[in-house]
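You will see subunit A twice below: alongside subunit B first, and alongside subunit C after that.
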Partner chain A sequence: MDFLIFKAPMLMVQASLDGILLGILFALIAYGMALQWGVMNIINIAQGDLVILGGYIAYTIYLWGIHPAWGVIISPIIMFFVGWALYKLVINKVVDRDLFISILATFGIAIVFQQLMNFIFGADVVVAQSEYGTTMLFDNSVTLPNSKIFSAFISVLYAIALVIYMRKSKLGRAIRATAQNARAAKILGVDTEKVYAATFGINAALCGIAGALISITLTLHPYVGLPYTVRSFMIVIVAGLGNLPAVAVSGMGLGLFEEFADYILGTEFRIGAVFLLLVLILVYRRFKLSKKREYLK
Partner chain B sequence: MNKIAKLFVTFISAITLALVSFTSSFAKVEGEYIVLGSAISLTGKYSSNGVHTQNGYNMAVERINKMGGVEVQGKKYKFEIIYYDDESNPKRAAQLAERLIKQDGVHYMLGPYSSGLTKAIAPVTEKYKIPMVEANGASRSLFTKGYKYLFAVLSPANQYLEVAIDLAVEKNGGKGVKIAQAFEQDAFSQDVRLGILDAAKRTGSEIIIDDKLPKELNDMAATLAKVKAVKPDVLVVSGHTKGALTAIRQISEMKVDVPMLAMTHCDAAKLSKQHGKKSEFALCASQWHKNLSYKDKFFGSGKKYAKDFQKEFGYDPPYQSAESSAALLVFKDAFERANSFDRDAVRDALVDTEMQTFYGNIKFGPGGQNVAKPMILFQVRCKGDDCENRVVAPTKWASDKFYHPIPKWSERS
Partner chain C sequence: MEKVKQKDLILYSGLIILGLAAPYLFSAFKVQLTYLCVLIVLAMTWNLQGGEMGYNTFGNILFYGLGMYLTASIQVGMFFPLAEWTESGGEKTFVHTTSQYFQGIGVGLLVSAIVPAIIAGAIGYAILGLRGHYFAICTLGLGIAAGEIAGGIEIIGAGQGFTTPPFPAEIVDTEARGKFFYFLSFALLVGTFMFVKYIYGSRFRLILNAIRDNEDKAEAMGIQTMKYKIVGWMCSAFFCGLAGGIMGGLIGYIDSTDVAFDGREMGVFMVLMAILGGKGTLWGPVIGATLFHFFKEGLWTLILGWQYVALGVLIVVIVVYFPEGLMGWLREKYPERFGEVIDEKDRKAQVELK
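Our next item is the complex of A and B:
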């Protein structure tokens, strides 16, 4: 049973595509996290809860009879302001403190968000229906939900748009300058306060897009945010900060790895396997780093 | 002067405290009220089912009180419930149980929502010898610990889907079937799994996929791809409401063809409402269905209960509400038979319970579980996107014929 995947080659195609499509979506969330981590040095524990909130926005418009796919436009707009407000209320007070305080603060935000969503939307698990149908390949032996293809496509689209925006626009340049050296940027006339607020807003908007996509591909519940935080955290750790292609690759790679771990080790070990991989990568990094240090000595 | 004032305040508060603890030791029955206590999830992840449970309790309290209450030693008493919100947190639930017993002086408890929280509370009620009738903790391990004060009106978790395997074998001409199963890694779902393992052994069936889904997981694509490859006779899924919704979403999107699909938590997930005709033909385990023909004098029949519940709370009662209402009927019956408020007398009366309620027959086994009521299976059937749950097993209560096998996705509109 364990090696079913090697007996049926089509399963391998299925697993790869499933892993990659899911990985792209996670990479989008991770990108937001990497961005604000790099710029503001804040690890946002509430990342997953922002995603879920974005999902609930899409679900709400779905309840109003609008197609939930419009959520990928409406949800980020609303979430941008949520992020901005969050920065003005809480984050600006912890932004230049040490990492531990920002983790505590965002952890608090996560709890507040969960309870608020529970209060407003109820504790039921909900789904929005996109009715996009299914793509069948290889004589129906590989089936891909179009909603997943759509979500991967939208994620890539937004990621590219953001990269271009960061390169070309004034705000994008200011954000990159602040990430490199906040003090120098300030001296050269960059309003870092505004840059921080915008960064947090952009991150929240990315979460909003991902949430809207999750509402049509997976399920929503006020308390399922944490796995998304952990997943994006992991992707960022593997990829390193400020390296978008690496985030994309590491997102897809982890998605793939997880799917294959499911087939080979069994479903119960799939998340464990990903964590094991994370530990190995960290140990390897440290090993490499210590070697370097020796060399420098 | 100041010192004297302080002393005075201390003195007064000491007396108040003493008085409070003094009165509370009689709080089990206050005037004409029998006070029951319950920690219940009004916030947190179980809050929707917590509210269903509370509504069920309240509905029964109101009905029993209106119809004359509980008669003990010739005097009529009414029920009253003290609720605390356990925030869906087992630790909090255990603390609140202590508080209900020690501070509020409650001598009879009603259960919380979910197996996990019941497990947290049961050791507390057991320690203080407080009889607890619970309606929402089905995990088998609750009934194997030798608890003497725990009584559950519902069938234990391992019975949830056994009927489904029997049904599959019956359809296969009495021969064993190939089973694919995916269960979430939590106490309840794993108990359901144990039931399937027993049933498979008993019927000579073979389990060809046995996936344990991590709690954090909301993607079953890998499991379903395996199912597509090995073509089992029956697919069994249990993972609370998230599992049910994810399964239907991905089975329909990946066009997984199985002759039979059995699940839990379909009605709690509002499956047929959220997924419409995609959920058609799914077979769901349920503790209760309004169409069953059980009767009692308080609620009449299941149908009447559903109607009254709808009128009162504005939605169709899920089985979580029905079983919660039944818990109070059990308490009333036990108080009247014990004809006393002595905890042990009430406990002994509970042991001897044998009654029919609108929810089903109730008789407690040695572990405290209800052994008199079978689980039922309903099947989702749709006209267009308008779906309803129809009881198909066991045969005695079936209102409709079981539709088997499920047509292939390519043949479904």
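Our next item is the complex of A and C:
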């Protein structure tokens, strides 16, 4: 088999740049997942659907004639309240329970979200036009949409803002305390219920930002949420909980993998490759740990 | 003891007679009854992992879809070139004779039972080493990856799907197709039930329960847990593959993500049915699947368009408020019926403690 990508080195540059810019976006979603996993011990299968919902919010304001880039401010605000409401309705009942229950419950939420988005926004693939143009590099052989650069920039900006907020603010301290020891935090006067709700809200807001960025860089469809969930899950298990630089690096790694898989295996196997990579990573870690007679916990 | 057995005998023979008479009594609902049999089989086999072993798998759909593709491919490939069949509506150019059709489906079902079991054994060592939610997510990924990959392979129809061989036209009886698939699935159901019942009375089940309750302790007691986990998964794969093969023939059309590796429907249904009925019990999945099927068929048409919303809400409600299922609830209420002896003093002491 001859692969086009090995014959044309410029394609490799293209794939690498695309992958890294995409990976930064994935890292943002994964950071949200790491946050709620670390603090509330919940695996949220609906993560990807929250992302898509955030994207549709940005798409809606685009339809109203506002530039979709404003979505990165409006969408997280709306999504924060969506997340808060979701916590109050369902998530607070599964926080202290078996992880499988949270997986199944959020799976149910994901199905509801998918279907509701399908009703409201239709089953077509949509994209919000940012009209940022493209940058040509290396004698026009590498094309880079400016929207992708914009999205990577915004992701980094929000990630830094969030880290500072978690370090400095009172709520950030409360969240970190709850993550370390929920019971002790409660004894010392932290309202853990509120902290959980805020954490889930912040996670949803991060999804909202990522969704708004996806609406201008990639495409939106009601049923493509699950791959985002799996990507963020994968990044979190590789990087560990609460380690932002590692999350960023493994996010970029995943982006690179995806772009190269796209070129080498073909676009039809792209999503399949992502899911297969998840299986391979888990199996690899399982064998590595089983040498020490341990297992993934 | 003797009396109980006699009661069981009456129950089982009654159910078998009902099952055999069902396609004649409710002849308009043969397809639904076939679905019901397959759903019960899937719920019962899921229960072996999720209920008995404590390994909540989303991956049994892998074997189901695999069985579906294998049966159809072999049924076609035994007599005609498979690539041409899937490329351009082969069911119009190539026609199976009656004997070819039944030979094909027979061999196909045989292979679709054995190959998934072998695959389960092959990947079992790697996958079953994961625990808890990692196992759940890994199997979820496995099922979806299989669907996505099958959707990219040309020879089995890729994204445009695979039409399974139509029922031979030489058989004039219009009822024959429905009856054939019903009795096939009913036989599978009886076989699965007998097998699972046998497991429930064996040491094997106790080992699976030990794995569920505390795997480290089970290992410390000298049980080779990995061996039993793999065998358990292989048993499930065997029956799931058969169920998939039958469903493929019944539906008549295989799509990679919507019919075969249908994680969004079948993959969730089997988990939901087992939990609804009560996981870790023999009758729970049967009752759960029956209830679920009646509920689904009754309501699906009423709330057309909203069925997935209803499904999602149902999942959340069952999982959050009803995780022990129907049998668990009954057990809580009438523990004596389940052979549990309760010390009154102990119970009172516990109440006081609360």
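By definition in this document, the second predicted complex is superposed on the first by the 253 of 297 C-alpha atoms of A that agree within 3 Å, B and C clash if a C-alpha of one lies under 4 Å from a C-alpha of the other, contacts with A are read in each partner's own complex, and residues count from 1 in each chain.
Definition applied: a residue touches a chain if its C-beta (ideal position, glycine included) is under 8 Å from a C-beta of that chain, and two chains touch if they have at least 3 such contacts.
Model, not experiment: these values are computed from the prediction.
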Q. Is A:8 in contact with subunit B, with subunit C, with both, or with neither (first, second, both, neither)?
A. first
Q.
In the overlaid three-chain picture, which partner chain does A:226 touch, first (subunit B) or second (subunit C), both, or neither?
A. both
Q) Is A:28 in contact with subunit B, with subunit C, with both, or with neither (first, second, both, neither)? A) neither
Q. Is A:93 contacted by the first partner subunit B, the second partner subunit C, both or neither?
A. second
(Q) For A:115, using the defined touch cut-off, is the partner it touches subunit B, subunit C, both, or neither? Pick first, second, both or neither. (A) both
Q.
For A:263, using the defined touch cut-off, is the partner it touches subunit B, subunit C, both, or neither? Pick first, second, both or neither.
A. first
Q.
On the A-aligned overlay, A:252 touches which partner chain: subunit B = first, subunit C = second, or both, or neither?
A. neither
Q) Where does A:198 make contact in the superposed view: on subunit B (first), on subunit C (second), on both, or on neither? A) neither
Q. First (subunit B), second (subunit C), both or neither: which does A:125 touch?
A. first
Q) Shared contact residues on subunit A for subunit B and subunit C? A) 115, 119, 226, 230, 266, 268, 271
Q.
For the complex, give me every residue of subunit A touching subunit C.
A. 43, 90, 93-94, 97, 99-101, 103-105, 107-116, 119, 226, 230, 233, 237, 266, 268-269, 271-272, 275-276, 278-279, 282-283, 286-287, 290, 295-297
Q: Over in the complex, which subunit C residues touch subunit A? Could you list them?
A: 56, 126-127, 129-134, 136-138, 140-142, 144-145, 147-149, 151-152, 158-159, 264, 268, 271, 275, 305-306, 308-309, 311-316, 319-321, 323
Q) What residues on subunit A touch subunit B, complex-wise? A) 1, 4, 8, 10-11, 14-15, 18, 22, 115, 118-119, 122-127, 129, 134, 136, 140-141, 143-145, 147-148, 218-219, 221-224, 226-227, 230, 259, 262-263, 266-268, 270-271
(Q) Using the touch definition from the top, list the residues of subunit B that touch subunit A in their complex. (A) 43-49, 182, 185, 208-209, 211-214, 216-219, 221-223, 225-226, 228-230, 240-242, 245-246, 249-250, 253-256, 269-270, 274-276
